[in-house]
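Questions regarding the structure given below will be posed in turn.
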Amino acid sequence: MDLFFEQLINGVALGSLYALFGLGFGIVFATLGILNAAQGTYASWAAIVALAAAEHYKLPFIPALLTGVVAAGVIALLVDQVAFQPLRRRGKDMLGALITSIACWIILDSLAGTATGHNSLSFPRGTYPSTMYHLGTIPLPVMQIITIAAMVAVTVGLHVLIRHTRFGAAMRAVGWDQTAASLGGVNPRYVVIITAFIAGSTSGLAGVLGGITTHNVSFMLGEGLMLKGFAAVVVGGYDDVRGTALAGVALGVLEVMTSQYLSSGLRDGITYALLLGFLLLRPRGLFGSLTYSRA
Amino acid sequence: MQGLWDFWAAYRSTLAFAIVNSFLALSTYAVLSAGILSFATVTYAAFGGFLGARMVLATGIDPMLTLPAAALAGAVLSYLVALIFLRLESHWMALASLALILITRVIVINIPVVTGGVNGMSVPLPVSLELLAVLIALAALVFWRLSVSWYGIAAQSVREDTAVASSLGIAPRKIQTIAFVISGAVGGLGGMLLAGALQFISPDTYFVNIAFTMIAGVVLGGSYHWTGVIIGAAVFTALPVIAQAIIPEFQDVANGIVLLLIMIFLPRGLVDPRAIRLRNKFQLPVAQAIKDTSSTKLDI
Amino acid sequence: MGTSVRLGPWVFATLAAFAFQTTPALAQGLTPGEYKIGFITENTGPIAQAGQSFWAGAQLAVEDIKSSKYIGASSIVLDPKESGSDAARSIQAMNQFIADRSVIATACCILSPVAGSLKPVVLAAKVPLVIYGATAAGLPQPPWIYSMTILPGPKDTATALLVSDAIKPKTAAYILAADNDAFKGRMAPTQKALEAKGIATAGVVSVLTKDTDFTAAATQAMGLKPDVVLVYATQQAAAGAISALRDRGFTKTIIGNDVLGPEAIYKKMGATVVGIPFPVGFSDTIGVSAEGKSFVNAYKAKFKVSPDSYSAQGYQMVWFVAQGLKSISGTPTRESLSAALAKLEKFDHNVYGGEFMKEGQAQTTGTIVVNWSADGKLVPWTAPK
Amino acid sequence: MSETGLPQSLLEISAVGKNFGGVAAVSELSMVVQTGSVAGLMGPNGAGKTTLVNLISGLLPSDSGTIRLADVEIQRSPSHVIAELGIARTYQNVRLFSGMTVLEQVMAGCYVRRGTSLWASFLGLPKARAARKAVESHALELLDRVQLANRAHLLAETLSYGEQRRVEIARALGTSPRLLLLDEPTAGMNAQESNEIGKLVHSLRDGGLTVLIVEHNVQLVKDFCDHVTVMNFGRFLADGTPAECIAHPDVQAAYFGKTTDAERIRTLR
């Protein structure tokens, strides 16, 4: 039975990465109304910058991690102002923003490839905590604990921010209708910038932690997280952070259990079938709220 | 002459891929012109491509017959997709079609008897440039006929304002289902032609990368007129080749930057009928203009 | 200067006669000139790192051939076109080479599906193609298509047998990249060979080449309680799986494959890869022939990093074409070069030692089983005490 | 049954209700529109007039009650079926198709009466071409009725506000309806333009069309409506001839507030 619990923990840790990434992706979709194809590159770049900070500048774990996360936030900010702001002035059009996000995805992806010399680097041994705790007979690497803790902290933080603060109210207002929000005294430009930064750094955090635990700092890291994070957002309901977090963790556990007890060939198939099922039967996801639209 | 012939021989395959991409872009445009953003064309293409290739390998029939078969297969599949997906709101439709692509790849990997599974399969369908030219001309004729016929007016109405179109007696679900079937047929055929051009297809041939290429091509060319779509697809196919000639190591970055600039400065794409008509408004013949202003007395 | 005018026609006649009289003497050798190989590079994209090694080896070979005057005053020049391991772009590049009259031969492909796509194009256009990296069986088709890739299959089985003779495991588990046909093909014979020696298969854990997390797969493999784990996956998946196994405290023997060869792997995995045996077609330090040593030194001088089996394959590919050109008299054409290449059996210049050509596929004898040492060197593998 | 053989009342609405969340936009409303008449629907802002029009035209499903067009129940039918049965409408704020010329807008209206199958039209069969020509000339006639024939080939969105309203009416007439719903057709128009809309409505009525106008413009209602119904807070308030309704005390109170409130304000000062 130990094997089951071991895999359960692996699933929760993996799911925490998907959840963390999904939170960033979900905020952009809920508040800014943009299906951002470039979100994956924020994670890859966060890992690359964190690695550079750890390796060249010999920063210890936490400062290197924060450098990567802040870098991802800044990149998200730049992409928002360069690729989305010009379109935003012409009215909310998801198709246009989707295409410019594809353009940024192509640019940032190939730059990430050049930055890592097209191979998959990994964090040198000493730069991250690697003690192995034991829960009874079950090995529990500290990085898994950190990942799960980070996910829970970010989820709670975002939930409080969005639901219980003035800035959160402003974010939701901008999400509903930018012009109406600005009439209500909200400065949409300021809200958009901060939201883009938060979304970028959240996905960036998933990137750095993912880069460390999977020994894979490359442009492929972002793409992997992107597809699974997208599924977490849809299944969990994009306008409720708790939904995305729970759905992300559930997807991680489902994935690990499927490859353990069924076959890993079907693993991705089940995740995407679940995604399609939710889209058809319950588009607003597990926790999303019904949106009223008057004729 | 020799140089010209070499240049032509060198870039024939680029032209062939431009035409193939135009089919996939037209398939995306078919549903977009009825107000639906859907990436499902990739699934029709995969279905058409693998089915057609396997038919030739298994039954040895004349490869030319696989083209209508692939189009038919695409159309049938898209009809089923329409039945399920048309209940969805617009941006959920886009997300569902993205999920459909991901699932398609998993299915393709797990049925090796049909698709050759992980190893992929060779495609014995020779696709000559002449055949492609004839087929794209045919497709252009079809889309021209569609745009000038009653279907064209109905589709544009549904796209611009579904509620108003419905209040004029235009059944949105019926029009959009027709749009799906057209998209499926063109997508299936496009998938088969892509297989023919590549001579070898694997699970990664029909995946997210061509979905984004198609959408970018459609929007780049202009998603409001079918000619724009073909031009957009051609430009988007030629971009990497041109970029490769200029700055080989940064060609991907160049592609991205060009796409970004076009989207920002030409949001409605290269071919925008509305802009053309707006310009026409100011070239009213002088006589007509005078007549207009003088005859505004209202006789009931 | 009046006199030269009168002499003009007479002088011209003798000069022409003299010139004509000497050319036949040179006729039996290769007409001097630059002979262009169209080289489809894969320096970007998912397997760019291996692609760059092939490309570096090929560039070095061009320099060595020129400096050693192997084909007289002639020289080979490489015309690169990037494909990023994408079939559509490779086909476009190949068509551009075919249209270029000065291209005498072409080189391509690390991924088998891309090679599959190019085969019909090359056969229809009748231009020689030398594959430098794709490992799928059935690709070579003389006189037009040859493969210089060192087939890893037989080497994997030999390594598995050699290691299991030393450590005598009872059960073996396999970690396999389920979405990669080459590795599925390579695992089957090894599994059969080990089962024939009584080593039961505890289980096969499938991973995907695009995966990023391998903790679950490692836990699953360790759950099978195997005495030895064999890893059959692409470079990144293999590195990920092995790191995950070591991170979770699996101390028994892991057997890898040639993907662990490049130095970048040691830089990336560090201690987790030390001691893991794997076969290598070419090693820059162990059992190296004289020609091999000069190749290694020239490579290190030019690229500041030691060569791996991929760079050696890129290097040998260009020498193979050069040897074909050397055996032609007069100006070579695509047809004459392909015929010449078909007749080649033994290699004049060979950095592996003992390489020979059979039906268009390069074969190497002997298997070198090595592992990374603690100080980052490739050393011959010895059974742990 | 009137002597013309048409049912006396074309549209019967009985006990219709619609609420959004807790708000009852329309509740228990009943009214009748006589065939061949010009009926008015009045009421202060937020009285539920536009919601009622949306319920009749099928844009919104009603929660309760029945709506009958010439004895056919339509409250559950989708709006494109209702349009085919003969109800056409305009919108409170003009909703023309962007990127289409004036003529194309009206052609879209004529879609439901195009007289050929989509397939025949696609193939361009002679029968289809002839039918298309007929519809085009019919559309130009409609544009002529709203004095916009000379604007046929211009982008509709470049026209003036008043002209755009008239295009919308022409488009609605394209469906050759039996009942035309006009949602505040003269909003934002001056007296002279409103008067022309009134005359247009009368000429349509003389052509046999029944019209229901939702309107604030009391002058227009007085001059051109045969019968008026007044709503307030989603409920029926009063009905009768325009003069009766305008004089009705409840209607006065609904629009101008109760006299008692008026006095109370005076005392506050």
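Read from first to last, the chains carry the letters A, B, C and D; within each, the first residue is number 1.
In this section, a contact is a pair of C-beta atoms (placed from the backbone, for glycine too) under 8 Å apart; a residue touches a chain by one contact, two chains touch by 3 or more.
Just so you know, these numbers come straight off a predicted model, no measurement behind them.
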{"item": "Chain whose Cα mean lies nearest the overall Cα mean", "value": "B"}
{"item": "Comparison of A-C and B-C by number of C-beta pairs in contact, larger one", "value": "A-C"}
{"item": "Mean-CA-position distance for subunit D and subunit C (Å)", "value": "77"}
{"item": "Whole-Å gap between the CA centroids of subunit B and subunit C", "value": "40"}
{"item": "Centroid distance [mean C-alpha coordinates] between subunit B and subunit A, Å", "value": "31"}
{"item": "Where subunit A touches two or more other chains at once, by residue number", "value": "110, 113, 265, 268, 295"}
{"item": "Residues of subunit D touching at least two other chains", "value": "59"}
{"item": "Where subunit C touches two or more other chains at once, by residue number", "value": "43-44, 178"}
{"item": "Sites on subunit C touched by subunit B in the complex", "value": "43-44, 80-82, 84, 87-89, 91-92, 95-96, 98-101, 112-113, 116-117, 119-121, 136, 178-181, 184"}
{"item": "List of subunit B residues in touch with subunit C within their complex", "value": "6-14, 17, 109, 118-120, 122, 197-200, 202-205, 240-241, 244, 248-249, 251-252"}
{"item": "Of all residues in subunit A, those that touch subunit C in their complex", "value": "3, 6-7, 10-11, 13-14, 17, 110, 113, 117-122, 124-125, 130, 132, 139, 141, 144, 210, 213-216, 218, 220-221, 223-225, 255-256, 259-260, 263-265, 267-268"}
{"item": "Contacting residues of subunit C [partner subunit A, same complex]", "value": "43-46, 48-49, 51-52, 178, 205-208, 210-217, 219-220, 223, 235-236, 239-240, 243-244, 247-249, 264, 268-271"}
{"item": "In the complex, subunit B residues that touch subunit A", "value": "37, 84-85, 87-89, 91-92, 94-96, 98-100, 102-103, 106-107, 109-110, 163, 212, 215-216, 219, 223, 249-250, 252-253, 255-257, 259-260, 263-264, 267"}
